[in-house]
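To keep things simple, chains are lettered A, B, C and D as they appear, and every chain counts its residues starting from 1.
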Amino acid sequence: MSSIQAAEKIRLFIAPSPRNVEDIFSPADLERLHALGEVFIHADGPVSDEIFNQHAADAHIIVGQLDMPSERLTRAVNLRAIVNVEGNFLPNVDYAQCFRQGVRVLNVSPVFAEPVAEAALGMAIDLARGISHADRRFRNGTEQYGLDANRDAFSLYGAPVGFIGMGDLGRAILPLIAPFRGVVKAFDPWLPPAYLESLGCEAAPLETVLRESQVVFVVAGVTSQNQGFLTRDEFASMKQGAAFVLVSRAGVVDFDAMLDAAASGHIRVATDVFPEEPLAPGHRARSIDTVLLSPHQAGALSAVLREIGRRALADIELIARGLPPVMCKIAQPETVGLMRSKPVAKS
Amino acid sequence: MSSIQAAEKIRLFIAPSPRNVEDIFSPADLERLHALGEVFIHADGPVSDEIFNQHAADAHIIVGQLDMPSERLTRAVNLRAIVNVEGNFLPNVDYAQCFRQGVRVLNVSPVFAEPVAEAALGMAIDLARGISHADRRFRNGTEQYGLDANRDAFSLYGAPVGFIGMGDLGRAILPLIAPFRGVVKAFDPWLPPAYLESLGCEAAPLETVLRESQVVFVVAGVTSQNQGFLTRDEFASMKQGAAFVLVSRAGVVDFDAMLDAAASGHIRVATDVFPEEPLAPGHRARSIDTVLLSPHQAGALSAVLREIGRRALADIELIARGLPPVMCKIAQPETVGLMRSKPVAKS
Amino acid sequence: MSSIQAAEKIRLFIAPSPRNVEDIFSPADLERLHALGEVFIHADGPVSDEIFNQHAADAHIIVGQLDMPSERLTRAVNLRAIVNVEGNFLPNVDYAQCFRQGVRVLNVSPVFAEPVAEAALGMAIDLARGISHADRRFRNGTEQYGLDANRDAFSLYGAPVGFIGMGDLGRAILPLIAPFRGVVKAFDPWLPPAYLESLGCEAAPLETVLRESQVVFVVAGVTSQNQGFLTRDEFASMKQGAAFVLVSRAGVVDFDAMLDAAASGHIRVATDVFPEEPLAPGHRARSIDTVLLSPHQAGALSAVLREIGRRALADIELIARGLPPVMCKIAQPETVGLMRSKPVAKS
Amino acid sequence: MSSIQAAEKIRLFIAPSPRNVEDIFSPADLERLHALGEVFIHADGPVSDEIFNQHAADAHIIVGQLDMPSERLTRAVNLRAIVNVEGNFLPNVDYAQCFRQGVRVLNVSPVFAEPVAEAALGMAIDLARGISHADRRFRNGTEQYGLDANRDAFSLYGAPVGFIGMGDLGRAILPLIAPFRGVVKAFDPWLPPAYLESLGCEAAPLETVLRESQVVFVVAGVTSQNQGFLTRDEFASMKQGAAFVLVSRAGVVDFDAMLDAAASGHIRVATDVFPEEPLAPGHRARSIDTVLLSPHQAGALSAVLREIGRRALADIELIARGLPPVMCKIAQPETVGLMRSKPVAKS
């Protein structure tokens, strides 16, 4: 069968900052990149126009999050794809022009889905079963045992679970909670009910998800449409004692309202994200007993770095062969302009 | 179809101490018990011979963990089953005579499998991803962020997992870890390799399980053959940084050796059980950074109590109809004599 | 760890008729049997009293379906288990005395569960999608294409499925139909609703299962209580066009009524079992278009024979070590007397 | 949360030929279409330029497979999407211009994945277990029973399975065969190994898939690169007795070579597709005992028609709201030009 077309030689320009090439690409992966054709690596600092013109303008694939305004795109006549080795689509690219020119824009956000899902599950069980809370009491000598330790505990088995958002991350959490057999409701205004149902979820309005769930996973990214949309009212509508697990972006919640709802004992909260990182030294969040604090560590495993390289490489090889990418997140013309992630140094 | 035989009326004697009848049986379940025939409930204190002779000797089913020596069994000519509403088979029953008389002896240990499995998974993720550890640092203002927070973290995804024992509890953990796709090896000297393979595990010697696993779940009960069998040598054979999750009985480990292995930084440990409960106030376990302490709370959810009643009732109804029980743990002649659980007040 | 007790040497008496030793035990498995102690194999013909007294009376484990009346059991003072290498409990054993003596009686029916489940699924899809029917039309040149071929077809996706009986076989079918996402209702008078629910089924009365299911799997064995219990009325209560898949025993249905229901076009039927085998040459079942005929082949794969040996061996090794068997079916005192399977030559 | 943007009113032009509007859209779905804005339905016959100019040129969404050459696209200044309610991308559209203009081109092929997967599984079990073969022998009075009936049978349990292609259809088959626990290898030159591994498959060269699999599912569509690529040599390389299940397009195989391989007894074949449909009356395929014939019925269930409407509607609603479609197949610039499906009347 001759269906694997011999790949023509292509040119790659790699400017991985703020990551390092060797952190994300294993030696074997680097070798495969080189086998594709000419590879130019710009290791440090911003990509000046001079460097761009000299080394990137005729590339077929650009790897990194360098600025790609209209002028650069216009010059990049061979360009097939821009592969951002970060997890967000930032405003550094003129996306509209990319779509007109047929340039794919990718990011590697799918690599974070499973590690964050794992941490989210761990945090949900922690809130439900009081794991870190009990450990804390042990350390200060006030632990109770057995049923007495479990006055406020609940089990995920059979508990109604809610999702706010159902992208890659939500879909990675679903198989982890499936064995607990609870009904899962999801609110995602970008997805039709039939799609959510195909994942085994019930589509539901935000109000229903908040009001009926024992555990709420917030996995929606920030867009121009949903900044701070989870306010005091939303927290008030949650079930007494419910668990709220925030693992996407702090920007979707009113953080103070969330802390208040936890401090009052109405809900329990786990958060991996904060409006400002690092959190101010004396911030009250540090001492609320019903808040589990996670320092933006859910996705940032070092094992993930090499997975970034593997995914990027797999799609680069497809693109080099004239095939569509399947491993990275592909910018969509309809939605890429709505994204409002802050560029985090290394998420 | 006439295949559901009309149940003849039977007599039940219920002495649930140390539990309360109304904690374990819902009003509806109690009603169903009464519908089976005559029910005598002995609410408090030990069952004297006088009470036994008057109310239990002619019962078809006895519920509770009253003493059932040979003399009482001999008098109990109608007896079909003894249903202990606790999780262990204690030496309060002359099991050999029960088997000769055709008396089923049951306990409700299966109700604890799922809640303990959930807690075990939560503890495993906590050790792997540093959840309570990071929260603790947040509270004392020393947290780090992102990759820096994750220097010692690992992910369960793809990690080799080991089990020591593979009874009800192990089998309840298996579906919870299946989505993480790691190879699972299990050591259980009471089960043949083909059985373990039918569960999706590889049968392995203890040494292999310890040496190769990134996470080890200890779910074996204490028997006359395995007391303290996990010693200093076994901990030393584990992988650097591996997680050891002890959720069955403290009696299977050399507790001091386990703490030493954690304190030295060789492994991380989560334990739900302790040689003495409550743990002594100044016990060094309380301050080891690599030990997660859980106060025998993994199975002791109040929601479990009613599940005890539901399971016991379901089997009692089967036995009343002349059918074999299927919901509770059934004492086996070959092994019941080997069990060495301490009667814990309410486990 | 010393928990694997060194097995004392035991004596085995093996009279596998109507099977052959070498069909069921691989050379490696035979070697393991011999390693257990003394093995006497009686290859052919019935076991006379003389042979019994000489070679079986002092055995610890007897393999085969020789007669074991009270007299023989009384003489067999060392006997721990009788392992029938067939799939049924026949009236050749005095079970009551076995239970009094503490003798385990096993059969290997679990080996048939998966092969029969596979065939049952294949037959269900065949009935739903008209696979063999369309092939038949192709062969006589009357096939239709596309939608025209599918006038009567239905899909298992989302279709309500019913089970009559939920033993090993039903439980082996469940994972095969799970991906089709239909609601599963099961009728089994020997099992409580909570048990069926733990398998992901809804417990339901027979009437409901018949009336509401698009596919009905009959997996119940014949007992003294259910012979011929599926009569004309039961077939009449089924949905128009529903599929009825009979893979346990012909004795549970009124076979003529079943054929009538199929011949009239009310239901479609697949059957692996027949009241008389071979079926009479001119039997009308052979020409009904809505009946799929399977010559008792669902469980009878030659690969299954060695699996019989593997399972029997695994339990024999456990019993030799003083442990309870876990791989074979164990006769239960409450139900073994109700079984009414005909001894089929080799099922 | 205001994140569900109020949809502006849009214009739809629907020319569903060769399907009928009411076959694919339920009354409720039609009502939802109308609620989106102005809907013009062209029920019959080709869409003339006059009709196009009058009713389609200013549409936002066009539903159907009318010709969309460059001239029409140029005039369609509002056009956001073309939704073909068939399963293929035909050469009726100037795809390159669509991509330049930012017009999404969709088809509904995902609706066929599950019904075809179900039929493919049924055919695989049929070939493995001899279901229709045994039924045929029953009808002509030559059936054998039990083991004798199973001389050539094999079980899918544990059998190595191979896939040629791994698109929507392959991914729908995967969960159906997962419970059989066989190793799955897949050859798909458009997909990287890591992608196939994320589905639980091993990536493998075509040769390996053919040589090592007991069951081979052919689910690859025809492209300009793979027409007739499965030739006499490929069939010869398969295992003796292996099953070959062809459910995508006849164009990928040398049909005569495939029949020869089956007729010689080397392999067993099930095919849902034929080089010419209807198959010639006296075609030898009709009488080969080792070929299972299915008249292009695997996907053509009438229940699928309404699913076509549901999927199309869901994406139309997303597009109307300015969001990316997620339910239909989206034409990819890299591959749409390689497709070589024949327009089948109604597939």
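The working rule: contacts are C-beta pairs under 8 Å (C-beta built on N, C-alpha and C of every residue); 3 or more make two chains touch, one makes a residue touch a chain.
Everything quoted here is computed from the prediction, not taken from an experiment.
**Student:** So if I look at the partners of chain A and the partners of chain D, which chains show up in both lists?
**Tutor:** Chains that touch both chain A and chain D, as defined above, do not exist here.
**Student:** Hop distance check: chain B to chain D, minimum number of steps through touching chains?
**Tutor:** Minimal hop count between chain B and chain D: 2.
**Student:** Using the average of all C-alpha atoms in each chain as its centre, how far is it in Å between chain B and chain C?
**Tutor:** The answer is 33 Å.
**Student:** Taking the mean of the CA coordinates per chain, how far is chain C from chain D in Å?
**Tutor:** Chain centres of chain C and chain D, defined by C-alpha means, are spaced 38 Å apart.
**Student:** Where the centres are mean C-alpha positions, what is the separation of chain A from chain C, in Å?
**Tutor:** 50
**Student:** Can you list the chain D residues in contact with two or more other chains?
**Tutor:** In chain D, nothing touches at least two other chains.
**Student:** Mind giving me all the chain pairs that touch?
**Tutor:** Every pair of chains meeting the touch criterion: A-B, A-D, B-C, C-D.
**Student:** Touching chain C in the complex: which residues of chain D?
**Tutor:** 114-115, 118-119, 121-123, 125-126, 128-132, 134-139, 141, 143-147, 149-150, 153-157, 175-176, 178-180, 277-279, 281, 286-287, 292-298, 300-303, 344-347
**Student:** In the complex of these two chains, what residues of chain D are touching chain A?
**Tutor:** Listed in rising order, the residues of chain D that touch chain A are 1-5, 99-100, 102, 189-195, 206, 223, 225-226, 229, 310-311, 314-315, 317-318, 322-324, 326-327, 332-335.
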